[in-house]
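We call the chains A, B, C and D, going by the order they appear; numbering starts again at 1 in every chain.
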Amino acid sequence: MALDKIGIAKRIAQEVKDGSYINLGIGIPTLVANYIPDDIEVVLQSENGLLGIGRFPYEEHVDADLINAGKQTVTMLPGSSLFNSSESFAMIRGGHVHLTILGAMEVSENGDIANWKIPGKMVKGMGGAMDLVASAENIIVAMQHKSRSGESKLLKECSLPITGIKCVKKIVTDLAVLEVMPEGGFKLLERAPGVSVDEIKEATAGKLIVEGDIPEMKI
Amino acid sequence: MINKVISGADEAVKDIKDDAVLMLGGFGLCGIPENCISALLKTGVKGLTCISNNAGVDDFGIGLMLKTRQVKKMISSYVGENAEFERQLLAGELEVDLIPQGTLAERIRAGGAGIPAFFTPAGYGTEVAEGKEVREFHGKKYLMEEWLQADFALVKAWKGDTAGNLIYKGTARNFNPMMAAAGKITIAEVEELVPAGELDPNEIHTPGIYVQRIFEGKDYEKRIEQRTVTPRN
Amino acid sequence: MINKVISGADEAVKDIKDDAVLMLGGFGLCGIPENCISALLKTGVKGLTCISNNAGVDDFGIGLMLKTRQVKKMISSYVGENAEFERQLLAGELEVDLIPQGTLAERIRAGGAGIPAFFTPAGYGTEVAEGKEVREFHGKKYLMEEWLQADFALVKAWKGDTAGNLIYKGTARNFNPMMAAAGKITIAEVEELVPAGELDPNEIHTPGIYVQRIFEGKDYEKRIEQRTVTPRN
Amino acid sequence: MALDKIGIAKRIAQEVKDGSYINLGIGIPTLVANYIPDDIEVVLQSENGLLGIGRFPYEEHVDADLINAGKQTVTMLPGSSLFNSSESFAMIRGGHVHLTILGAMEVSENGDIANWKIPGKMVKGMGGAMDLVASAENIIVAMQHKSRSGESKLLKECSLPITGIKCVKKIVTDLAVLEVMPEGGFKLLERAPGVSVDEIKEATAGKLIVEGDIPEMKI
């Protein structure tokens, strides 16, 4: 059975390494924070100028001057620090943030990502996404395997304007976990529970690499 | 004597003329110069180029200046929360220059720091790279990006002193410090204005050298875009 | 769990190997990593390249490491207070790369910020420009300068917490924050180490993300180069 | 009679404008601070990270963590601020410091300055001088008109390695006040008390421009 958003978030949470600094995009990536095991300590970075994002505040502690990059009110944790936008992206661009998890409209088999613009629709802007994908050493994409209209989002080449090239390392979808190979191609690592390799093949337009038995995800 | 303290927002913005280039601090509606925006609505100045990470919402922030058609061009990283903005853009009444957020922050920082250009990997291989010089350093490709400066920078701080020193609060810092340095004339509105000597020099975020005008603002609304809370039990 | 706290300077520097590239914070003898320098004298590591604004004096700071011949190359803006330095330089035993102070600070900042190169007017038309790309922006000539990074950055702060956050004091801040960001491994020695949560997040100069190891230093001498005083009456 | 160092400092103090931010080099420039009129308020910048340099501290207030760029112990004033070296030179490079006063070994008639290196002697480094001269909108040089060996320091071209080109706007020496003209040449503005135009001509190797009566300095 295909995973729901929470399932995707739970599976990605397994990728998180103890002691790492992480930037989470809006949507499913934000949910990942809820499923990181208790014995793993990570620090979440928000590109508007905060390291150490805590939970949402209690009603009486809501502070308009303390938001995350999604403009949601948040709290700080012991050890948090505040800084300006230039310092924030210095952190990102300088490779100090170890992992970026973000959503995508399309990913190509060489790791290009498209997630900021649909021709013909109002363009809202790339925000910090282009800086993040051009900079992070490890980028994991969280998305549905197919679009709402049923088309594969894992392509040979992106059809939409891209956000960054050759940057995505891993993809977790409702159907599978895949690694983007340096030489190109989506290497199938795991299947969602009850989803067959054939279903994944059918849903993947780009080159899918299947070697040996493909285990089911453990969530 | 150096006198940077002025009476309020009206005096602060009175010499901002049509077609001026402005920088406005803030991320979303957090840390925006509310008083100066209100004053600009009153002067009716037109043809403004506004450099700001976002464009406010329909009825707050820069959105108010869009409604009154005072803005000719926005230079931003994300402008998604504003229906009037979308209408004007699609009608060709508004120019928009979209810039990756880190590049925007760094171009503004460069403007204040006298660095005319620098290299960044953001946008390489995308349409943002069109027309820009690409260069490889240590096996990675980078774009050359140039500084941004403004006729006036409008910033919002938490505390300020009469020497122009500023301290921001929480994530309301965001773009404000870099903009303070990149404005030919920088106007700071603060929640609390104190005499020089009352702020700890070691805690100052924006040294007074960057600020030409300062005043204590009034009636801060500090609107929240996404009020997310943790329920009690 | 993230554990950045280590026992002291000896543990901090034990994996610094011969021919490593180091950054050392400080301006003159103000804000220098005294404990780490002492520990390096004990390990006897050799062939070091030291990026530091100055080179200490004969019997303090980096001067001590020059005496023991542990330094192969200095990258600095001013090295004038050190007789042993002069002797080694004239004898060809030491390489020196002299860089304008603002360019040095910005190259280090660029190293931490992932900016491989930028343009600055400092040194245009002088011998510093030799071999460097010159480009004109807005009618003024600039040199292209590249980032500096280091295997280890050794910085000194006033207060630090177990998450690696740092606060400096007075002008002892100087090059320390940029170096903290530009080291592959950054070692911070602090006068007072407190649990995470005790420092005000709004007052932190160096966010903990840049610091890999931290310890509370001992026996700070804080030597003064020019003790200038105002006499009473 | 030629001015002494204090006389040069006093004359330069007259150039200082109310409300300006100023960087003073080591030597005579540092003395200028003592002679700025009481009704003129300026802020002194020290490139090691301090705006608002105060007087030297009383003995009991000496703080090793508070020094100026000459490594002397100093104090702060109400309104002072502290920052790092990168920010300090951002201020300088960005043109926020209005006036730089510094010493020189040589100045050429087109405004080049040499003050960091003497071939054959130990080279100590340029410190912040190259950034300052490449950046400040107004640069005033304080120096003796001739070297100790009696040679003019105002030249057609600098003989020593230069620190910056076409940057010096004004020169105050023991003999004269001179403006460096945009088209080249030292325009004589004032004579030291009792010093004749001929003495200044004799001491100036570069092109000296003398127009009309040259008044004596008022100190």
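One rule holds in what follows: contacts are C-beta pairs under 8 Å (C-beta built on N, C-alpha and C of every residue); 3 or more make two chains touch, one makes a residue touch a chain.
Values in this document were obtained by computation on a predicted structure and should not be read as measured data.
Among the other chains, the CA centroid farthest from that of chain B is the one of D. The interface with the greater number of C-beta contacts, when C-D is set against B-D, is C-D.
Distance between chain centres (mean CA atoms), chain C to chain D: 29 Å.
For this pair, chain B with chain D, the centres built from the Cα atoms lie 36 Å apart.
Once the centre of each chain is set as its mean CA position, chain A and chain D turn out to be 56 Å apart. Separating the centre of chain B from that of chain C, both taken as means of CA atoms, is a distance of 33 Å. Residue positions 82-83, 89-90, 92-93, 135 of chain D each touch two or more of the other chains. In chain C, the positions touching at least two other chains are 106, 109, 113-115, 120-121, 168-170, 202. Interchain contacts (touch definition given at top) occur between A-B, A-C, B-C, B-D, C-D.
By the touch rule above, chain B contacts chain A in their complex via residues 27-31, 53, 76-80, 86, 89-90, 98, 100-106, 108-109, 120-128, 158, 169-178, 205, 222-230, 232.
Interface of chain B with chain D (complex): residues 1-2, 109, 111-115, 161-163, 165, 181, 195-197, 201-202, 204, 207-210.
Interface residues of chain D, counted against chain C in their complex, comprise 46-50, 55-59, 62-74, 82-86, 88-90, 92-93, 112, 122-131, 134-135, 161-166. Those residues of chain A lying in contact with chain C across their complex are 18-19, 21, 39, 41, 43, 45, 51-52, 76-83, 87, 89-97, 135.
Those residues of chain C that touch chain B in the shared complex are 106, 110, 113-121, 135, 137-138, 140, 142, 146, 167-170, 202-203.
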